[in-house]
Amino acid sequence: MFKGVATAIITPFDENYEVDYKALEEFALFQMNYVDGLVVLGTTGEAPTIDENEREKIVSKVVELVNKKIPVIVGTGSNNPKHVLYNNKLAEKSGADGLLIVSPYYNKSTQKGLVEYFSYVAQRTELPIILYNVPSRTGGNILTDTAIEIFEKNKNVIGIKEASGNISQIAELISKKPEDMFVYSGNDDQALPLMALGGDGVISVFSNVLPKQMKELTEAILTNDYNKAQEINKKYNSLMRKLFVEVNPIPVKYAVSKLGYCKNILRLPLISISENGKTVIDNSFEELNIL
Amino acid sequence: MFKGVATAIITPFDENYEVDYKALEEFALFQMNYVDGLVVLGTTGEAPTIDENEREKIVSKVVELVNKKIPVIVGTGSNNPKHVLYNNKLAEKSGADGLLIVSPYYNKSTQKGLVEYFSYVAQRTELPIILYNVPSRTGGNILTDTAIEIFEKNKNVIGIKEASGNISQIAELISKKPEDMFVYSGNDDQALPLMALGGDGVISVFSNVLPKQMKELTEAILTNDYNKAQEINKKYNSLMRKLFVEVNPIPVKYAVSKLGYCKNILRLPLISISENGKTVIDNSFEELNIL
Amino acid sequence: MFKGVATAIITPFDENYEVDYKALEEFALFQMNYVDGLVVLGTTGEAPTIDENEREKIVSKVVELVNKKIPVIVGTGSNNPKHVLYNNKLAEKSGADGLLIVSPYYNKSTQKGLVEYFSYVAQRTELPIILYNVPSRTGGNILTDTAIEIFEKNKNVIGIKEASGNISQIAELISKKPEDMFVYSGNDDQALPLMALGGDGVISVFSNVLPKQMKELTEAILTNDYNKAQEINKKYNSLMRKLFVEVNPIPVKYAVSKLGYCKNILRLPLISISENGKTVIDNSFEELNIL
Amino acid sequence: MFKGVATAIITPFDENYEVDYKALEEFALFQMNYVDGLVVLGTTGEAPTIDENEREKIVSKVVELVNKKIPVIVGTGSNNPKHVLYNNKLAEKSGADGLLIVSPYYNKSTQKGLVEYFSYVAQRTELPIILYNVPSRTGGNILTDTAIEIFEKNKNVIGIKEASGNISQIAELISKKPEDMFVYSGNDDQALPLMALGGDGVISVFSNVLPKQMKELTEAILTNDYNKAQEINKKYNSLMRKLFVEVNPIPVKYAVSKLGYCKNILRLPLISISENGKTVIDNSFEELNIL
């Protein structure tokens, strides 16, 4: 699908908690200058609180704007397969290039159930699918052999976004997987180690703020310039971590609002960042001479 | 709301994966003979894959059937407050007695965000609300002080179903909480220790299978007959644990199907129990002379 | 061995970091007035940094003083069986009544290895042995079936101190174990729920500070007066938790020093409590009108 | 101290559970052909059950044999500072080149206590010290800022062996640490990602079996040949993981015994590998054409 960095973009809201499409477009244009793909309506895009009409409009606008210069991938996961199928149809209709589908959260399933579930979903769309493993949010883990089985049984499943945080599991996956299965990091501070193991890139929160720098990092890795990659990574590791000082996307929305691309407004159950959290981000911006 | 045991009932499906309302009614009638409350459309009832029409019909039928003899509590939680409000309206309209609302899963929030979220929801319904804390599914924890703050700020929040599995957290909560805040166990094998600390009862999976025995257990505790309570608890601890040998409600659905009250059919992402799992439940039934 | 509460007593040191035997004796005398047993040289007694000569002298003095009024149990665990055997011989020679033996920490073992290890040790002493399971310190877990197998294979293994913190594991153990196997809580705030399940008592840190109150709690439970037990437990739960605000025995040593029974001095790697920690304990003492 | 791979060598025993010095020498000679350093009496060397006389003899023999061609580092950690000082004196006397000192296990400490403890120890030896962080065994974590503080306060503390398994913590450490602080992986399957972040090498269990291959892996990384490094890493990831199918060093001792360098004998609390474990290792040897 892509090699390098795709930004999991935030969804801008206005003071009435409505989607701010104008801000979205400007932000997407800003991002397009730097990164290799856009993920809309991921967790960072507050997908769970976006309704169907908004979903269609958001995807359509971004797809039109991007105009096939980089892939647009839509987060369509849910814990109800019917909703996933519906979201997938919307994505197809809107011209999206791919789907990011998280394992069913809250109701969960067994490993065998995950194979059946993802196969059921994959057989009902033509679009390429990236699985998404994030146990700290879903309460479940897509084990290595399960991920590979889903990949092998479904030709439009092309890879996985790994956010287990468990580098041993990731090393196992990369060692066992077929060569053409993509593995992306779901954690910014683990992009370098995951790619060093043979992974393909990162679906990034950090690049909402500094897309150019995240692109430079992945570019350095992909061209085997590890000295440069280490230098970039050391410089920005602190901000990568601080963007998770509160539940994502609370801090990144504040950070992007500081850049002027959105207002610092989130929909419940998320709320805007605490004063302490602000100070953490403000200090990091100052240290890095951002703004 | 209640003292003792409320069953978080399974939702029966037919071979076409449609809700089997007749089976549901028979099962609810069976349960009513024994327990102190019914929770419909909890996780055990596969709520995430029940659509709005089914939801309304399920609640209405159970409410009508129960006819106010015991409270009917409806699981209405989601990770989108709009859906929660909608579900709550349906529950009110259908004559439900209370709501069970889980903390937002997957998107999660901060502790302060949880207070704002639950207050927002509570202010928009008259029905009594039981909070539901189940970090292994939601990825988040409702900390003690947060639970108490939500209770104190909202007069229709009446208590919490605690399924953190952390008995130290539960002991802290029971020590700090106002006297009239209800605390229910969300784990069958922890009902006795939680109630011994001063809790009020259990919202039970196990009682789908053996409602009479679970009622005897809570009755023994509530009447301070701990010798009897320990005896019952020791006898059934094994089955309580085995009902979680695979992701709930996979094993309990099989167990209830053995009793003849439903078919062993689940909706994706859940699937029916493995052969190994069947053997575990079969052996437990044999040991306990169930059937 | 005992029913109720045994205090895992601190070891007093003087300004030269030498054992303060006089303080030890006064403290043991104070404790004897209230509790059902004394555990010397447990983790709370800083056993790892007590040398062999001190060990012999400490045990002998306490044994002599207690004069068989209550059992004196000696912590003799290590990660080297030779040291355990040596410590056990010292305990026998000094007239101790029982041994508390932790599973091998740091080097750890398999479940089968634990059975072989504890059997090897048990066969080489006549003294009764209480196993000690504390995964947060040892890095390993004595699983239920392992604990029972060790108990059944060794007639002088009489029970287990459970500090896994996992009440479901404890409920399983109490349900499966032979009737005459003792189960003690290793966590003060879990004494009530563990005993409610059918356990026998607690090996307590809290009772270093308030032995009378801990005795009243266990007495209430053992006489089935759960109303009183809950009242006591709610009152003291806060201090029970605060004694673990830093690594045990740092806070309890400060608390006992406030009572005047020892100096606030610990041996490396432990250090005396931070200023923040002091404030936490001071406030708790004030709230409870201790002193 | 070194860049690349140091083997944490096993300690061979004979049928009477005595140290087999002849086997030790042959094994050390074998290892010297390939690796950049030897760690004797680490956890893999069953240090906790080696007595003082054995310790002196083991270190002396290996030091003599190695004859300064590569550094010999001795594991001297304990949970009693007196034992650490004693072990350090023995190591100095025996001509060792460095010390590997684990954070105090079982009794544990606070972060401030760790700084005081390691400073106390470091000030009492001239030998260079590598800290060792392995929370799954010690029950404690040396946090990033603590590790750096210890390094900065003690000029003979030269680095850390990181076996937290938490690659985010490791990335943070490498980003924040002074340039001349060494960071070694304590997990074979995390050597590549840790070194890609800027770490210096690995203290390896795997290289007991395949020292040449582990050296090739680290050499490829240190010369920025990541294609080759990934290839080697993918090939051997499976065996790296399988050497931990039971508690280390149980499987590696069996594997080395298959190579003929030692007998498959361990001291309690460790026991020799189960039949299942044997099959796992046997199959891996066959797949990789070892032997």
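Going by the order they are written in, the chains are A, B, C and D; count residues from 1 in each one.
We adopt the following convention: a contact is a pair of C-beta atoms (placed from the backbone, for glycine too) under 8 Å apart; a residue touches a chain by one contact, two chains touch by 3 or more.
Which chain is which protein? Per UniProt: A, B, C, D = 4-hydroxy-tetrahydrodipicolinate synthase.
Treat the numbers as computed from the prediction; the structure is a model and nothing was measured.
Fewest steps needed to get from chain A to chain D, stepping only to touching chains, is 1. Counting C-beta pairs in contact across C-D and across B-C gives the higher total for C-D. Relative to chain A, the most remote chain by averaged C-alpha coordinates is C.
Chain A and chain C have centres, each the mean of its CA atoms, that are 49 Å apart. With centres set at the average Cα position, the gap from chain C to chain D is 33 Å.
Work out the mean CA point of chain B and of chain C, and you get 37 Å between them.
Shared interface positions of chain C, defined as residues touching 2 or more other chains, are absent.
Chain-to-chain contact here is organised cyclically: the chains close a single ring, every chain touching exactly two others. According to the touch criterion at the top of this document, the contacting chain pairs are A-B, A-D, B-C, C-D. Residue ranges on chain A touching chain B, taken from their complex, read 43, 46-49, 51, 79-82, 102-110, 112-114, 116-117, 120, 136-139, 246-247, 250, 267-271, 274. Of all the residues in chain C, the ones that touch chain B in their complex are 165-168, 171-172, 174-176, 187, 189-190, 192-194, 196-198, 224, 226-227, 229-230, 233-235, 237-238, 241.
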